[in-house]
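Shared chain: chain A. Partners: chain B in the first complex, chain C in the second.
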Partner chain A sequence: ENGFKRPAKLQQMDSPLKQFQEDFEPTPLYMAIITYINYGVITLFGFLRDFLRKHGFEKNHASAEAGDMDGFVSLYASFENFYTRNIYNRLHDVFNRPICSAPGPVIKIMEREFSQSGWSYKFTGKVLDGIVNLGSYNYLGFAENSGVCAEASIKAIQQYGNGVCSSRCEVGNLDIHAELEEKMARYLDVDACVTFGMGFATNSMNIPCLVGKGCLILSDELNHASLVLGCRLSGANVTIFKHNDMKDLELKLRNAIVNGQPRGYRPWRKILIIVEGVYSMEGSIINLPEVLKLKKKYKAYVFLDEAHSIGALGATGRGVTEYFGIHPKEVDVMMGTFTKSFGAAGGYIAGTKSLVEHLRAKSHSACYATSMAPPVCRQILSSLEVISATEEGKRRIQKLASNCKMFRQGLKKLGFIVYGNDDSPVVPALIYSPCKVGAFSREMLSRGFGVVVVGFPATPIVEARVRFCISAALTEKNLQDALDAISSIGDILQIKYKK
Partner chain B sequence: FQAPLYHYIVEGLLVVWIIRLLFFKSYKIHDKVPLTTKEKDELIEDWEPEPLVPPLEETRAVSKPYRVVSGQPGKEIVVDGYKCKNFASLNFLGFVENERISKAATECVSKYGVGSCGPRGFYGSFDVHLELEKRIAKFTGTECAIIYSYGFATIASAIPSYSKRGDILYVDEACCFAIQKGVQASRSNVVYFKHNDMEDLESKLRHQEMLDKKDVKKSSVTRKFMVVEGIYMNTGEICDLPRLVDLKYKYKVRLFVEESLSFGVLGQHGRGVTEHYNIPVEKVDMMCGSMEYSLASTGGFCCGREYVIDHQRLTGLGYVFSASLPPLLACAAIEAIDIMEEE
Partner chain C sequence: MGFDFKLFGKKPTSVVGYIEWLYFIYCITTGIYMLDPWERTVFNTCLILLLSMSFYTAYAFLPQHIFAMLSHFGLMDT
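Right after this comes the complex of A and B.
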C-alpha cells in the first residue's frame, strides 16, 4: 500500500539506516545559579505570605473544610500544597486554557481574568480568535470538524449510538472493534492487535498481565506516568537506567542476570525493557537498534510505547521501527495511542498472536472497563485509511517532516538551546527560569500564538522549557510568523542562550 | 622485681603475635570472591527466561473468544448473528438509542471534531468540559465536579491522590476491581470488612480507635477513609448509607461513595444513593460516578466540596497525564443530564 516496502530480510544491526544524533546541552552554570536564586526568592515570599495568611493579616482565598468536620485528621499536609499556593498560582493563567473550537492549527481561546494573585478567575466573555496552535498533539492534522473522517464519525453515531455500556468480554465487542484491530495489525505489519478505550489505562492495566512478582523491569528514567504506574501495579522489581544511555542499560542487564533476585539469589523469571519511541518532554528518539541488540544478547523482552511516534515518524508513518528500518516483529510488545496522530482517543497493543490472545483473555481492561465508543472507533478507521492508502496521507506525513526540520533549524539559528533529535515532532526550547516561563507564554498569547510551557515537577527543577508540537496542518507562514514572534520575545526576555 | 628469663621470652613472643594479628591481613572464610568476566558471561549464557506469555494453545484452552455484536447495542441486540433481547448491557436509562443525544453528539462533531488532542492542562480543556462539570455539580447538588476520560480510571486515580502511605482505608470485601486497583496504587494500609456488614466495620473502627489512644502523635497525622459503592457491582446490594454517615462522624473517618451503577438509577431524580436514603449530599466527602452506564457516554466524574475535589486537578494521575474526554462524548453526557432533569 502506498509504495511501502518492507526490508526483505531483517536489517543488519551493525549499520542502522539513520545516524543516531541527539544533543542535550548541559545547563550553563550561571543560569542554574540564577534559577536557584529565583526559586529561593519565590519560596521566601511563599513562607512570608503563608505566615501572613495564617495569622490573619492577609485574607485566605483557599477553599476550606466543611463546618462539621472538627476532629477529623486534616486531609492535606500543610506543606503539600505549598508549591500550588505560592508558585503554581502565579502562573495559573498559563495552564488549563479553555478552548471553544476544534484543536486544529488555529483555535479560539476563551479569555479569562485572574484576580487575587491567581486564586480565582472569571471569563470576560471575549473569545480570542485565530490563535495559532503550537501546543496540541495534532501531528498529522486530523483534528478537523469537517471532511471524510468527521462525516464517517457522524454516520457511526447514527448507526451505533454513542456509548457501549458494557465491557469487552460481555456484549461490548462490536464489529467495528474487530475491524479496527484487523486493519491496525495489517498497518503495523504484525500478527494481531487489541485496542482499549484509554491510552493511559492501556499501560497501567496491561503491564501487570505481562510481568509479575519475580520479574525485573528495566525502565527508562523519563518514562511516562502511565508506564510508571503500570510497573508499580505489576509487583515486579523495577530498575531505572539513565535516559537513552545504552551503556548504562547493558551494565544493569548484566548485573541483573548475574546477581539474580535481591533476596534469595534466585534467577529472574523474565526481564522486560520498557522504552518509549519519542519522549514528549525531551524530544528525543529512543536508540532502538542498540536496544534490540542488547535484547538479543541478554534474552530480554522489549516493550515499546509509541504514543508520540506512531503516525509521526517514518516515511509512511509506521513509527520508530520504520524510521530505523527495523522489522516490527523484532519488538515483542508494541504499544501506542490514537490520541496524537489519529485525532481520536484510546490505545492499542500489537504483537504476536499468542500475546494478543493472552491480553484479550487476561487484561483487566477487557473484563472490567468499557470498550471504545463507536464514533471514536470510526474516526480511527477513517484516519488510518487516509494515512495508509491515499496520497493525502503521504502529503501530510511529508509536510510534518518538512515542518519539523524548518522549525527546529529556525529555532537553532535564532540562538535557542533546543533539546532532542532532529527528526522528532516535539521541539523543546529551554528557558530555565520559572519567571521567564510565565512571561514567555503570556507574550506569545498576546501575539496570537498558543504554546505550552512546562516546569517543575514535570521537568528537572532547573530545566523549565517551552515545548512546541509541530503539526502537518500548520502552514509555512504560520511557522515563519511564530519564529519571528519567538525571536522578538527572546530578545526582550534574553533567553537566546547560545548567542 | 625480677622475673625468670622464660617469662620475658614468652611475653615477647606474645607481643610479636599481637602485632602480627593486628597488622597482617587476614582472610574471612565467608567473603564472596568477585566473579570473573568469563564466569559472568557463562551465567548470562546459561540463563533461560520464561516465555513472555503462555503459548497460544494454552490461552485458547481456557478462554473463549469474544462474542461479536453487529449494529447498535440497544434494547434489541444482534450477537454472533442471533437477534436477542438485551439483558446484558448496563444501559439503564436506554440512552444508547436516544435520538436527541445522537443529534447533540453529531452537532458537536461538526463543531469540535472527534479527538481532544491534549491533556486538560495543555489546550485540551474545552468549554463543553467546563459546562459538563458545572451541570454535574448542579444536578447532584454539590459544589464542584471533575471529569475523567475513562470510567475505570476515575476511582483508580481519585483514591491515591488523597490516601498515601501510612493512611488507613476501610474497604468492602466485595468492592469492584477499579477500587482494588486504586487501593493498590495508593500504598496505604487496607482493612477489608465483611460485605455490607456494618457491625464488622464498627468493630474494626473501634479497634483502631483503641490503638489510636495509645499513640496519639501518630494517629493525629494518619488519615482514615471508608470506600463503599452505592450498588455493588459484584453482588448487586445497596450500601447502608445512614449507618455509614453515623460511623463517619462517630469515628472521624472520611467517606467516599462510588456510584457507578447507582447514578441515574436510585433516588427519585436519579441523583444516586444519597437521594435514595434522603441524606444531604454534603455528608458524603466525595462521590464518584461513571458516565458509561446510565448516561451512555464514556468517562467518569467525581463531585463534592471544592476543598476536596480541586486537589485532584493537580494530583489525579488519570486527569493530569491523560488526554481529556472527546468533546462529542461530553456533549452527549450534557444532553443526557438534560433529559434526566426534564423527565
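Right after this comes the complex of A and C.
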C-alpha cells in the first residue's frame, strides 16, 4: 500500500519523532495601536451613521418587519447588528465572492458592483477568469470536474440515483455505505468506522453520545464551533486550556481530578480531552505525543478532530498520528471530515468496534439524518483508492508537502509574520489592520489571485489575517507568481513586519 | 465598486504618484480608507480644523508661557 509502514505500538512515546517547533510572534505594538485607531474611527462613524439613519436623514437599507405587523413582538433583536451594518458591510466585496466553476487551482469569479457603503450589489455580468485559487480546502486537488473520481460518481448516479430518501436506521443503509466504512477503517488501521452526511453534525451530534452530565471535557482554546456546540449540547462541564499548552492541560487535569465535581467533590464520571489535528486559523499542529502521555498518566480519553489533517499530513496521508509515528489505536476517538482532502462532503468517527456500535445505535445523526448521497460516497471511495494505492496519490501527497514548504519559506523570506507549524498545509500571514486586510484582498484579486481574509469574530480583534490554503493542484509557477504579487503588495501596503 | 481608491500596480516612483501613495497610507493608518467619500471629507475637515487651531494657539500663546515658566524657575531675569 504505497510503502506504508505501521509503527510499533507504544514505543515512540518517550522520544517524539519530530522536534516540535511552532512560533507565534507577538503583535508589534505600533500595529496594535493602529488597529485600535482604525476600529475606533470606524466605530465613531458607525454611531454617526446609525444616528442619521434612525432620525431619517438617511435612508435605512437594513431589513425591517413588513408594515402590517403592528402589535407583534419583533422576531429578531436587530436584523443586522452594529458590527455587520457598519464594519462588515464596508468590506463587503472582499467576502462571500461567488464562484462559478469547480474549486480547483484556477477558478472563475463573478464580478459584482456595490452600492454606497456596501449595502447591496448587483452582478455586472462579467466573469473574471483564470483566478488562481489560494483559499479552497483543496489539499490534494480532488476538487475536479473530470477524471477518475468524477467518472466513478457519474456511474454511481446511474446506479443509485442522487437521493437516498431515508435515514441509516430505516431504508437508507446502502451497500456503498458499508463499503465506505470498511475501507475507511482499513485505511486508518482501526477496528471500525461510521460515516455521517455532514462534518459539522458529526461533531455536534456525537459528542453528546460520548459524555453527559457529571463528565468533564477539557477542550482547547481554539477549537472549532462544531466541537464547542457538541460540548455545550452534551451537558458536561467544560474547561478550556491554553492553545497547545501541555503544561496548562496537565495543571487543569490535576485540578479536576483532585477537586472533583463542583458541588459535592464527587469524582468525575469521565474526562474527555478534545483537540484538533491541525487548527485552521493558526496553522498549528497539536502536540499529540504529549497529549497521549497525559492521557495515559491521568486515565482520560482523547477525541481527535482530524478535519484538516487527514490526507494532508503524514507520509501516506493518514493524518497527524502518522506524522508523529504514533499507532492510531492509541487515540480513543478519531474523527475527521471528507470535505477537505477527499473533495466530497461528510464526516466519520473511527475507533474500537464497541465505540462505533454505540454511536450507530445512539447518535441522532445516525438515526434521524438522511444518509450520505451515493455519488458523494463514490467520490470518497475513488479518492481514497487513489490516495492509498496508486502512484498518483503518492505524487499528490509529496507535491502538497513540497508546495507547503516552498510557500511558507517564501513568505518568511519576504518578511511576513507567519503563524503555525512548518508542516501544516494552512499558512496564515498576519496583517492586523482591517483596512490593510481589505486593500490586500482587492489588490490580489486585481492581479488574478483569490485569497481568503479573516477578521474580527473569527480571530482576535487585533489579529486580522490572510489565510492561504496550499493545494497539491497548484503548480510551482502559480505559487511563485503568487509570492511575487504578495511581495509587491507587501511593499505598497507596508505589511512586511519582520523587516 | 464600493471603494474608490485606485489600485496600485507597484510602488509609484513619480512625484505625483508618490504623494498619492502617501495619502493612501495615511487613509489606511487612520482607518478612513473604509469610509465613504463624504465621511472622509468630514474627518479630514475636523482634523485640519483641530490642527490649525492648535498651531494658532501655540503661535499666539507659547512664547508668553515659556517666558513665564523660565522667570518662575529663576532661570531668566524678569
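The criterion applied here is as follows: the second predicted complex is superposed on the first by the 490 of 499 C-alpha atoms of A that agree within 3 Å, B and C clash if a C-alpha of one lies under 4 Å from a C-alpha of the other, contacts with A are read in each partner's own complex, and residues count from 1 in each chain.
Here, contacts are C-beta pairs under 8 Å (C-beta built on N, C-alpha and C of every residue); 3 or more make two chains touch, one makes a residue touch a chain.
Just so it is clear, the structure is predicted and the values come from calculations on it, not from any experiment.
Enquirer: Give one word, clash or fit, describing how chain B and chain C relate on chain A after superposing.
Expert: After superposition on chain A, which the two structures share, chain B sits beside chain C with no clash.
Enquirer: Pick one for A:96: touches chain B only (first), chain C only (second), both, or neither.
Expert: The first partner, chain B, only.
Enquirer: Quick check for you: in the superposed arrangement, does A:82 touch first (chain B), second (chain C), both or neither?
Expert: After superposition on chain A, A:82 lies in contact with neither partner.
Enquirer: Let me test your reading of the model: by the given contact rule, A:442 touches which partner, first (chain B), second (chain C), both or neither?
Expert: In the superposition, A:442 touches chain C alone.
Enquirer: Scan A:456 for contacts with chain B and chain C and give back first, second, both or neither.
Expert: Neither partner.
Enquirer: Touch test for A:113: chain B only (first), chain C only (second), both, or neither?
Expert: second
Enquirer: Comparing chain B against chain C, which has contacts with more of the residues in chain A?
Expert: Touched residues of chain A are more numerous for B.
Enquirer: Have a look at where A:41 lands relative to chain B and chain C in the superposition and call it first, second, both or neither.
Expert: The answer is second: A:41 touches chain C but not chain B.
Enquirer: Taking the superposition on A as described, I'd like to know which of chain B and chain C A:135 touches: first, second, both or neither.
Expert: Only chain B is touched by A:135; chain C is not.
Enquirer: For A:159, decide between first (touching chain B), second (touching chain C), both and neither.
Expert: First partner only.
Enquirer: Given the overlay on chain A, how many degrees, to the nearest 10, lie between chain B and chain C at the CA centre of chain A?
Expert: For this superposed arrangement the angle is about 100 degrees.
Enquirer: With the superposition applied, I'd like the minimum CA-CA separation between chain B and chain C in Å.
Expert: Comparing every C-alpha of chain B with every C-alpha of chain C, the smallest gap is 19 Å.
Enquirer: Which chain A residues come up in both lists, the one for chain B and the one for chain C?
Expert: In chain A, nothing is touched by chain B and also by chain C.
Enquirer: Would you mind writing out the residues of chain B in touch with chain A in their complex?
Expert: 35, 40, 43-44, 47-50, 52-56, 59-60, 62-63, 65-74, 77, 79, 86, 88-91, 95-98, 101-102, 105-106, 109-118, 120-127, 129-130, 149-153, 156, 162, 176-178, 181, 184-185, 219-224, 249, 252, 254, 282, 292-293, 295-298, 305-308, 310-311, 313-314, 317-318, 320-323, 325-326, 328-329, 332
Enquirer: Could you please specify the touching residues of chain A with respect to chain B in the complex?
Expert: Touching chain B from chain A are residues 63-66, 68, 71-77, 81, 84, 88, 95-104, 107, 110, 133, 135-138, 142-146, 149-150, 153-154, 157-166, 168-175, 178, 197-201, 204-205, 210, 224-226, 229, 232-233, 254, 257-258, 267-272, 298-301, 332-333, 337-340, 342-345, 353-355, 357-362, 364-365, 367-370, 373, 375-376, 379, 450, 452.
Enquirer: Which part of chain A faces chain C closely enough to touch in the complex?
Expert: 34, 37-42, 45, 48, 87, 90-93, 113-118, 121, 433-436, 438-439, 442-443, 446, 488, 491-494
Enquirer: Quick one: in the complex, what on chain C touches chain A?
Expert: Residues 1-3, 5, 7-8, 10-11, 21, 25, 27-36, 39, 43.
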